[in-house]
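Please find the structures below.
Look for subunit A in each of the two complexes below; its partner is subunit B in the first and subunit C in the second.
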Partner chain A sequence: MTTTDPDEPMPAPDEPVMARDEPEMARDEPVPARDEPLTASPAPAKAGPGALARQRRRASAVRFWQRYRTHRSGLFGLAALALFALVALTAPLTVGSDVQSVTGAPGRPMESPSLEFPLGTDQFGRSLFGLVVWGSRVSLLVGLLATVLSVAIGALIGITAGHFRGWFATVMMRITDWFLVMPTLVLAIALATVMSRSLGTIILAIGVTTWPTTARLVRAQTLAVESRPYIERAKALGGGHRHVMSRHVLPNVMPLVLAQTTLIISSSILAEATLAFLGLGDPTVVSWGGLLQDAREAGAVSAGKWWYLVPPGIAIAVVALSFTLCGRAVESVLNPKLGVAR
Partner chain B sequence: MDTHDQYGTTRSTEGLTSCPRVRRGWSRSSPRPFRGAALRLLAVAGAGALTLTVGQMTPLGPAPQQAEAKDDKQVLTVAVAQSVDSLSPFLAARLVSTSIHRLMYEYLTNYDPKDNHAIPGLATKWEPSADKLTWTYTIRDNSKWSDGKQATAEDAAWTFNTMMTDEGAATANGSFVANFRTVTAPSPTKLVIELKKPQATMAALDVPIVPKHVWEKVDDFSEFTNDKKFPIVGNGPFVLTAYKADSYVRLEPNKSFWRGAPKFDELVFKYYKDGDAAVAALQKGEVSFVSGLTPAQAAALKTQQDVTVNDAPGRRFYALATNPGAQAKNGKKFGDGHESLKNQKVRQALFTAVDRRTVIDKVFQGHAVEGEGYIPPRFSPYFWKPADGQQIAYDPAEAARLLDEAGYKKNGDGKRVGKNGEPITYRVLCHATDPPDKAVGKYLQEWWGKLGIGVSLDCRDNVSDPWLAGEYDLAFDGWSVNPDPDFVLSIHTCAALPATPEDIGATDNFICDKKYDELYDQQLAEYDATKRAEIVKRMESRLYDTGYMNVMAYPNAVEAYRTDQIASITKMPEAAGNIYGQDGYWSWWSATPAAASESSDDSSQTGVIIGIVAGVVILAGLGAFFALRRRATAEDRE
Partner chain C sequence: MTAEATPSLVGKTGGPAEAGPSAVRGPRGRGTAYPRYVAGKLGGAAVSLLAVLVTSFFLFRLIPGDPVKFMTGGRQVSAEQLASYRREFGLDLPLWQQFTDYCGKALTGDLGTSYQFRAPVMDKISEALPNTLLLTGTSFVLYTAIGIFLGTRAAWRNGGLGDRLNTGLALTLYSIPPFWLGLLLIIVFSVGIGPVPGLFPTGGMESGNAEGFGYVLDVAHHLILPVVTLVAVEYGQTLLVTRSALLDEMGSDYLTTARAKGLRDDLVRRRHAVPNALLPTMTLVFINLGRTVAGVILVETVFSWPGLGGLFYQALSVPDLPLVQGLFFVFAAAVIVMNTLADLIYPLLDPRVGR
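Up next, the complex of A and B:
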């Protein structure tokens, strides 16, 4: 990140995102908090600009949380997510990677739920409870990475298209439109088919097919931000394209991007499950969608072995729902246009 | 995946004043327009519900007609999953295609469904000369092509001559005619084949005889797929009338078939790429027959009324094949198989680390027999088992020792490295449509992982492309064996290699072994059945030792049919045998329809009643909902 203006101070690198979209601040103050000088050297305890910035950030984080707290569904989603994250992160300790071993499977094939196997066993005799826990790692990881990829592409294209306008924007937006009208699932299936079957392929297939909505949103927000007077001031002070985009536009579209991220994650997880269910995932990796695919192939549906199908299905639904609830809540807190607590 | 409506919907501008009551609903737009909208919605919903009800009701009319139509026409529907590779008998190698060719075309001879001995087909009798180099077949005079022309010895002679002279026509069954010197038809009922060397398979030439007057117009046999003009002219028990790739194959009985016309009015092979969908269709009676059941499906269907499950020894072997370095007959090497697999010790080490017992117990759950030799035990004359000292038993320690001996040692990370210093990871080609492949692949990953060898499963719907190009290291492989094993033996000879890397050969895995080839020629020339069987067993022994093919299992034929649609059907062998993919047309030709049942009408009536009730309930529910909503908005207005 280079700044063209030598007087322009470097921002704090770990500045929380929420601090930037204080609606009042964005309206009243042309230069938002992020342009405060860096707190590289230990700032004096009081009155220093760094301390001020920190204070303001803390205050806005608290305000964010207070607003978020009023969304009961958002809290529910957050709690569910925290639970799933905990389960996924502690999986190596609780169930261990041995749970996916077929050679060391403890049970008989497709045992119904019992005390030993709370959710029964799969076709190899592995504990389904352990597999669902273990599968959460892959499902969440793929969902997150695919979303990061998707949002990164979307934000990059959206900001550049909004900033540069002209023929560049036209070309970018037509490409976006093209991706927008393409049926996402079909495109993802096509991509996953031609490439080798691995997690990377799935992430890529989801990432490159779901970005257009983000791009459109970010572009709209960019246009709005760039019409504000302080952008003009920044330009007058010698701020180049990169400076304007990374220092002024990006922070202002971040709330939107954040909300969009939480919303896209749920669809990414669903997409991962869909692709895995269609047999396009890596067959040797345990994921929720992969479990459903295994169940289908083993004939669990027609044989009525519900415990092979229901747990991964419910897990997918709950995680997707949680992310959606969180996303909605974040969205309504951060987006000043929504304004209202729902 | 579609999130683009997230910001497209109209946002409320009511501000912070909105009361909690609004939360439940979507009525953030101003109340007045909503009322009109609600009424409109109500009307639309009502209309929708009515349409729904009507939609449910309409089957009342057509249903009985359909049932009648069904009574008129007895259709035997068979669920299949394997794609047809070609409808041309000169190209087809897959089980589904060759089975259909059995139905479409008559072969010179057929196999008895009881004990597999050769019985008359298009030929009524056959006899060799004293030196056994000239074979004379008497062709029956009561077999007609479906376009009315007589099937004669001339058709047979033309078929064989085409395969002998045209490279493209020899693609599938070239091994049968490689040894033919001349084939002539001195009279319409007499076919004479002169051989270069004695050939043991003369009463088991599994070659469909095609009508000369139709096929002589074909220019390029390697391209012609025989699926453009329907019905396809044939003289088998059925005539193929329609075909759509991966959708259906429709056949009608040949009323003038010399052995007697089939009993069903139509035979349809319907595609279900998903096994569970096929089973569900069987449970509902949409298909009459399903094969390739998983253990769980078989167990579930056993308890179902009107369904019989057939679990019999199969004619297939299920193996893990190695790529020994793809090569063409002209000596050109191609493909990118791992160099370590050219080492016999490495191949044997890999197979030493495969626990076949577990494959039988866990993957097939007992619906298979542990495999060793190349030919399944069902063909007892040729069945072979390795001797004690020769046997490759499951022994991971021994496998590790063999690999060390071969010079593939572990590096610091515990991974074995190849000659180039890279850790070894084998690409295993698997059929995405074949559940056992993936399951066994998971085991391989762990068994070989313990040896320090990585496995990446490459599961595809269509494995042909990398397979033919030699771009794989190992592959899941399986062939259905004929009562005469010549064909499955021939696919491992050097003669089966493709002529150039661009050509397609009959070869299975580019195996080319001199000793094996010598034995192959010997067995082909041996007329004494016992002696020939001995040689075949020595071939199997040789193949086993080379480690090119590791037969893991002989899967059972696990299949099910509806007894309320099929009254009887011939298995092959009759005592305990398979129905789908027989060596002959016995099952579908012999199947007799069950007396029509009336139960289906009742169920459709119930369906209609349920539909009407559901429609009414939905209508009432919607009405109540909108009424409540209207009240809620009215309150909001205050």
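Up next, the complex of A and C:
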């Protein structure tokens, strides 16, 4: 009953699954596949170093997937995300950009759900179903781009602060700590207020306020990687800062960055919805948060028109939850001891 | 974690929060080290507050265009009027002078004059502060207690059906936009939907006609839905943190010893495991206050609660820059102060840390 096991029984060793150890070694000399139980066939004699590296990469991807598959909630999240991605990508074919046009609206204002309009219409008579489908494009795009920005800043600062010690690291980590205690949303709101209303502003506001956790995690991992002997070997062979950081540290922190990315996306999507709801988004594009703001301004709340409010909110919640579930599954595959995401 | 937030100031005595349970007892006792630790933390907090002050000044000077244009809202205004506005808000001075003025005034509690209300920002803030404290305080106590209670249950029966339901619900609520949940609660419980009558007021803090004890009841009645919303979206985080902290403790030898002594399972949990797991939990609860601030802004906006968050929303929609700036400073400062308090209390609770 009270075992020491975390979440799921994992047949796993402690090492990160995807960590491609010593990529340089793989190129220098054909190392016998020492830690690869899954590659049944030993490397063919004719395989060059490149092929060997590819084979290793493929094997670790297979191993990753096999462990990921054991997380049912992670699979659920993945399936939901695939569905949403499909809906967003095919939206120009299914609903078309006409849905957001106010002038050519097909229905009467604020209609209840019917066969023609499955989710009713908004105050201009536009089909809410179409708007929710169309809004998925902006919500997902902003969430993804903001996360890419945030993770890129975090990884850059984390790796450099871990690699260069001394005053540079101190200053960087001081800045990180300061951002870490700042109420993220308040800072993002302040940024969005002072800049022009556009999607770029929203992406920037979210991206530059959410990176500190990534920076901290990446720095810790960088310090761990840099204490290994093969880094010393690389330096002895004349590897410069850039070589060490990009060829040795980066591949080893990538798994962590990947897990972090999936976790940050859900908060980015929530942040986008929040900023749009507060009226700081681009008023000319349709997004889920913007729809909720429209609904509130059109008096859907006091009129009890729940069908206007429910679908965009559910969409936000399902996508955010799916990314969280995926992120937790990835994290627990990469670090089986963890059990829970922080 | 704010791990090793102040390495240079605390020096070799240890990166406090990160050191955690593995910190080794140093050669010196608490006598000399705790004051140094306190000084380091206070110094760090002072630097952070100063940084917030500087940010709040320069961030709001980034605005493309003239702040006076915002004030006049695009109306036709004569050049003399513009100049008088500039003088009134000190915008005709050079930037460095504006900055020193701003810092000097901020230190004496003067955060400027709101464009929108034509009243000192500090007055507006101190008017709204008690209402926010009431809402936030009530919610904070409730969601921390609920989170710790459920997190403990989830970890102790880790992997079971209860754990999965509990964690699943917490994750789901955690993914819901707070403002959306608030709007739904208003529709269902205030406006009324189908057979459900409107049970609660749709917003505000009081109905305005009650006195004495009736007033307390009235405010409590208005408080219920906002508090429910905040607790629902925030308790998940506490639950997850408690759960993982307790899971970390569960392999420990001292629990085996406690069981070997013949203690009931219940007592092992309450007397031995939970107190140890609570320490890291409390740190994270305080660190996560930043997220609560965001929740408070949204919930107050949705429920028209007359607090700082509602004021922030009003200021944003103009935008009323001195007010946004002042509130930005207050929110950031509140989180920094709370975090510093947690840092200061932590070593008193856990003697392994901070020496």
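Please note the rule applied: the second predicted complex is superposed on the first by the 290 of 342 C-alpha atoms of A that agree within 3 Å, B and C clash if a C-alpha of one lies under 4 Å from a C-alpha of the other, contacts with A are read in each partner's own complex, and residues count from 1 in each chain.
Throughout what follows, contacts are C-beta pairs under 8 Å (C-beta built on N, C-alpha and C of every residue); 3 or more make two chains touch, one makes a residue touch a chain.
These figures come from a predicted structure and were not determined experimentally.
In this superposed model built on subunit A, subunit B and subunit C take up the same space, so to speak, and clash.
In the superposition on chain A, A:E297 contacts subunit B only, with no contact to subunit C. Once the two complexes are overlaid on the shared chain, A:G279 sits against subunit B and subunit C alike.
In the superposed model, A:G313 lies in contact with subunit C only, and not with subunit B. In the overlay built on the shared chain, the residue A:S196 is in contact with subunit B and with subunit C. Contacts of A:L270 after superposition: both subunit B and subunit C are touched.
Once chain A of one complex is fitted onto chain A of the other, the partner contacts of A:L325 are limited to subunit C, with no touch recorded for subunit B. Contacts of A:S246 after superposition: neither subunit B nor subunit C is touched. Of the two partner chains placed by superposition, subunit B and subunit C are both touched by A:T184. When the two complexes are superposed via chain A, 207-215 is the only one of 27-35, 207-215, 225-233 or 333-341 in subunit C with C-alpha atoms clashing against subunit B. Comparing which residues of subunit A touch subunit B with which touch subunit C, the overlap comprises 180, 184-185, 196, 216, 270, 279, 296, 301-304, 338-342. Across the interface of their complex, subunit B is touched by residues 101-103, 105, 109-110, 123-125, 180, 184-185, 188, 196-197, 206, 209-210, 212-213, 216-217, 260, 263-264, 267, 270-271, 279, 282-284, 296-305, 331, 337-342 of subunit A.
Against subunit A, in their complex, subunit C makes its touches with residues 1-5, 7-8, 48, 51-52, 56, 59-60, 62-64, 156-159, 168, 171-172, 174-177, 179-181, 183-184, 186-188, 191-193, 202, 240-241, 243-244, 247, 250-251, 255, 265, 284, 287, 289-291, 293-294, 297-298, 301, 312-313, 316-317, 319, 324, 328, 331-332, 335-336, 339. Note for the complex: subunit A touches subunit C at residues 1-2, 4-8, 73, 170, 173, 177-178, 180-187, 189-191, 193-196, 216, 266, 270, 273-274, 277-280, 289, 292, 295-296, 301-304, 306, 309-310, 312-313, 316-318, 320-321, 324-325, 338-342.
In the complex of the two chains, the subunit B residues touching subunit A come out as 1-4, 6-7, 11-12, 14-16, 18, 23, 274-276, 279-280, 283, 293-297, 299-301, 355, 358, 362, 365, 430, 432, 435, 438-439, 441-443, 445-447, 455-459.
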